[in-house]
Amino acid sequence: MYSFNNDYSEGAHPKILEAVTRTNLDQNGGYGIDGHCAHAREMIRQEIGRQDADVHFIVGGTQTNLITIGTALKPWQAVICVAQGHINVHETGAIEATGHKVLAMPGKDGKLTPDDIIQALQHHADEHMVQPKMVYISNSTEIGTQYSKTELEEIHSLCLEKNLYLFLDGARLGSALTSAVNDLTVKDIAALTDFFYIGGTKAGALFGEALIISHPDLKPDFRFMMKQRGALLAKGWLLGIQFEELFTDNLYYELASHANAMADILRKGIDDCGYSFASPSFTNQLFPIFPESVIEKLKEEFIFSIQEKGTDGHLVIRLVTSWATREDECRHFLSVLKTCSM
Amino acid sequence: MYSFNNDYSEGAHPKILEAVTRTNLDQNGGYGIDGHCAHAREMIRQEIGRQDADVHFIVGGTQTNLITIGTALKPWQAVICVAQGHINVHETGAIEATGHKVLAMPGKDGKLTPDDIIQALQHHADEHMVQPKMVYISNSTEIGTQYSKTELEEIHSLCLEKNLYLFLDGARLGSALTSAVNDLTVKDIAALTDFFYIGGTKAGALFGEALIISHPDLKPDFRFMMKQRGALLAKGWLLGIQFEELFTDNLYYELASHANAMADILRKGIDDCGYSFASPSFTNQLFPIFPESVIEKLKEEFIFSIQEKGTDGHLVIRLVTSWATREDECRHFLSVLKTCSM
Amino acid sequence: MYSFNNDYSEGAHPKILEAVTRTNLDQNGGYGIDGHCAHAREMIRQEIGRQDADVHFIVGGTQTNLITIGTALKPWQAVICVAQGHINVHETGAIEATGHKVLAMPGKDGKLTPDDIIQALQHHADEHMVQPKMVYISNSTEIGTQYSKTELEEIHSLCLEKNLYLFLDGARLGSALTSAVNDLTVKDIAALTDFFYIGGTKAGALFGEALIISHPDLKPDFRFMMKQRGALLAKGWLLGIQFEELFTDNLYYELASHANAMADILRKGIDDCGYSFASPSFTNQLFPIFPESVIEKLKEEFIFSIQEKGTDGHLVIRLVTSWATREDECRHFLSVLKTCSM
Amino acid sequence: MYSFNNDYSEGAHPKILEAVTRTNLDQNGGYGIDGHCAHAREMIRQEIGRQDADVHFIVGGTQTNLITIGTALKPWQAVICVAQGHINVHETGAIEATGHKVLAMPGKDGKLTPDDIIQALQHHADEHMVQPKMVYISNSTEIGTQYSKTELEEIHSLCLEKNLYLFLDGARLGSALTSAVNDLTVKDIAALTDFFYIGGTKAGALFGEALIISHPDLKPDFRFMMKQRGALLAKGWLLGIQFEELFTDNLYYELASHANAMADILRKGIDDCGYSFASPSFTNQLFPIFPESVIEKLKEEFIFSIQEKGTDGHLVIRLVTSWATREDECRHFLSVLKTCSM
């Protein structure tokens, strides 16, 4: 059984494992105070074009989200996101567990719109309601779509005007930035957000997210919050080493491009078979709509998740590719699909 | 300017103030351990027909909600309510501040339906999502509607089947139980919920809500949670005395009936003028839809709140009556309305 | 049985009840936005000599403490207090429930010393430990002692130097300010703290504490936090009216002076009988040490609490006087004491 | 500069890295639902002699502590530990951030005593104080000492009698179980606690702690809490693989024995030089007391931390050995010590 279930089914790109192995017996300072982390921070500042940014390495995405949001907001403040937002649905209430309401808005194609933000502000007018203070977006989004430069600029301007923080969840940022329809650079992202992160877990690392803090409000004492939430990894240099490798010779982008290329093969093949998609994705997550009978056949050879029930016995499934996805398995998927579609 | 802004614009029914004054120099035990509270608890158990219930007196509704929900839920559990639910909109994230997500469902006429509950359960399937464990409803609701006995029985059965707690916010319970279309008794409420409260603040007391706990899970150590959240009133007998008065000679129901009678006058008069309402309320909150020009005129003599913008220059306002509302002012409101509607 | 158990065993001073009754049917705005609260705020600003201060009225002390501390501290910050501090012992973990550690220091005579603060800072040096950011003191203290002007000035200077907030719990401030050994004024308190409150509950009100915020950090949006924690009383003017009365014709100080005078009678009488005290109190709480046999006798006629076991069959008890304590009962207590001491 | 600063200065034992590398391109289920984790769980159940136990793998110790304690306690409950306890001092208030008070008791030699527990219970008598419900101990302790079987049995009996959970932090359990003065087995630990964990981070793994839950109260839905706190590692099999290796051929105990052997060399050498220790440790943490002049010399060649100031210009330092500590460096340390002690 080959798995298209997610983009974290395999370990790390070999270069990363080699670097971890090569340095294994070196002694390093703990908790992210070491030469590898310092170097990786500098590489990332260079890459994003912001020497003023603070960079922190955190093991996982939920941790990163809850620490960032929990630090930024005062007790009565809330974060605005789209209904499908990872923090709204798939983090078991991690944000609420820090005491903050998540204001879920309808959005469009899985993306938050300026109008969503305006609506959220208008509906929260006084001290009997939470005070919206942050906007959370994901790029690529939870349904594989992505923000254009214009869209991000509009949200950024609105956040500036309304005195809202803008936080971008980049768990799948590489896939967004290397997709066929992308017009954003990581420098744009860094310029247009207050905080964002570059996901490593889904991009070829064993684990790890690089959080970039540009806004001065969150910089002081951020490591206190990391420690309190159990997010200062004792052997923190393991995170530094991985990001050193990811940002050497464009490995990060190459791996994301591979994931997108594999998704392209699947998307075109599915399209050729006459099936449609539940969302217009050009990144590494696809949401094709198949009849149940077809899905039953595919399940005999492939692992993937069922997203939701459609109409007329159709279901939406999710296919995810990664840096490690094999082209032959994509081709095989399509041949099985063709067979059972005939 | 006469206010229809809410049902807590005046102090307390004179009988209550007299009782407070009469006992003023008596010495009582603190924090709700006193004879008045004990007596009021016994009166309420009698009234609701449950000798097994625990009764606690708490100063306000938001406190009561956050303490009850915060005690009942484990850290990863969530409470289901209708989108307009007081805990979802008007408590400044008090529930989230206890760490719990509020799952807001669309509902119908401001009331949660069994289908809402089933939807919420279906969308929360595993440990990546919060675990729904409680249903919160208000009676009367935030838009003045109320549950029928059949509706409450259906929700109760579903909660039993799905192992969900059922909590009823009775901040305006009196108005619901004495409305023209009601078919529930307070004994029904007590039989069909795990916890509910009888609101005093909006029913003629200076302040105070009587929380009834029928489900054994919440009984042990509940006073610890009350104290921790600042809800053990030092001079707790003040709460006991007020509920003693409210449940002597049916004062509680009489006061609620008066509020409903005043609302009836307004509703019929508004209806006679040809205006419609945003929600089908037979309780003490009315939501008529008026043209902006009419509202401007009304505002010269009355205080009320604007709820939302309708279409075509119309707005929905909220009119609230109480135990203290004067009939002559209701009549005067209607006469002004008639004048400016001509 | 006459109670010396606490200073909240009776209702309110008659002037307060009369004012509540007189205004009972007036319509007021809710949640503390009304003319009485506005007037009371102005009276208090005048009294404390700070026109720049914000004043909020909150029903009880635990609420006031948790809201103030919970608003002032970032998630990883802690509050320093003396081991006996009310927030450390008698609020069921209310501060920890807002997420913050209470750093309890030994103190001297129930009072925090500059050395305690320096010790706490020295032991919390990096991000693996909480960050002390606030100092909490009570005046009078939990064991009846009180700060001198020099002591408060020293703590204030140290807090300024170390960038710590200074918060004074004034649940029994009146008793401290009118005691025989006091050299502080309320203006001093206002000048030397960042936030403090003037307790009403233990000073002749039905309930209520007046929180004064001088430091600009806590001023914005403070009402959001109050609402979230259930501390915006619906009929908020009840708080305003009570403080209007307390600060008319020095009633607040008169009532506190009475409580102290009653304690003086008890203290001198106990001293005359040859008993000693566990703490050097000149306020309305006394902690005499009696043999168990004497306590058994006293318990037949009086209510009081046992604080701790001493040595040799002696126990420390607590006697509390209030604005309502009757002189004849103090005299009677002493005569019983004399009898059973012979 | 050679570091004795901690036991997490190097990567992982080579067998662990090899296993991670060997399986790198295998596809695995996410979040700990995979064959390696299942196998490692089974191996641990076998090792500890409890087939009924649940086993969860978590990246770090602070996470493990906060999740376990946060799950076990109701909002008003508290955990008792010794003053030096990791949760009390070195986790930046992580437990308080879950809402719970840590009740720090004096203990003896860094160990909690039955008398500490009894004292804590006696001082928390009613709902105005937190309710102690859990005992937290570390073995080995934060100052290198360890519990004897008798000591653990006494605490266990007392917890049973008083209805308290007993939680053992085993971040350095291997070092305790293989020390010269140990008389406990891991089966004893499993039999005498409700929850405990076997630390991997300080025992030769890249990261990871294996939490064992024996008490049925914490078993249901524990993964919800893990996810909410960001502790479900996406590539969870990395944890499983590491514990598979640690519990193959007694690697876990061998590595801990090596750390202890290196500490023995240091301890004996320091003792031979005539220096004393601040705590009687036979595990991998030593706390020798040196004159400042000696420390200055040692700092030229070694990295270690200064724990506290002693008297007469002496300081307590901490030396930590690990599975990776080199014997030649221990010898070198002693030769430098000898030189500068002459």
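By letter and in written order, the chains are A, B, C and D; residue numbering begins at 1 in each of them.
Basically, contacts are C-beta pairs under 8 Å (C-beta built on N, C-alpha and C of every residue); 3 or more make two chains touch, one makes a residue touch a chain.
Protein names from UniProt, one per chain: A, B, C, D = Amino acid lyase.
What you see is a predicted model, and the numbers here were worked out from it, not measured in a lab.
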Between A-B and B-C, more C-beta pairs in contact link B-C
What chain is the most remote from chain A (Amino acid lyase), judged by the mean position of CA atoms in each chain?
C
Can you give the whole-Å distance between the Cα centres of chain B (Amino acid lyase) and chain C (Amino acid lyase)?
34
If you average the CA atoms of chain A (Amino acid lyase) and of chain C (Amino acid lyase), how many Å lie between those two points?
50
CA centre of chain A (Amino acid lyase) versus CA centre of chain B (Amino acid lyase): separation in Å?
42
Set of chain C (Amino acid lyase) residues in contact with two or more other chains:
75-76, 91-93, 97, 99, 127-128, 130, 224, 227-228, 232
List of chain C (Amino acid lyase) residues in touch with chain B (Amino acid lyase) within their complex:
2-3, 5-6, 8-12, 14, 17, 20-21, 23-30, 59-64, 66, 91-94, 97, 201-202, 206-207, 224, 227-235, 238, 324
Contact footprint of chain B (Amino acid lyase) on chain D (Amino acid lyase) as seen in their complex
31, 70-71, 74-76, 98-99, 127-128, 130-131, 221, 223-228, 232
Which of the residues in chain B (Amino acid lyase) end up touching chain A (Amino acid lyase) in this complex?
75-76, 78, 89-93, 96-97, 99-102, 127-130
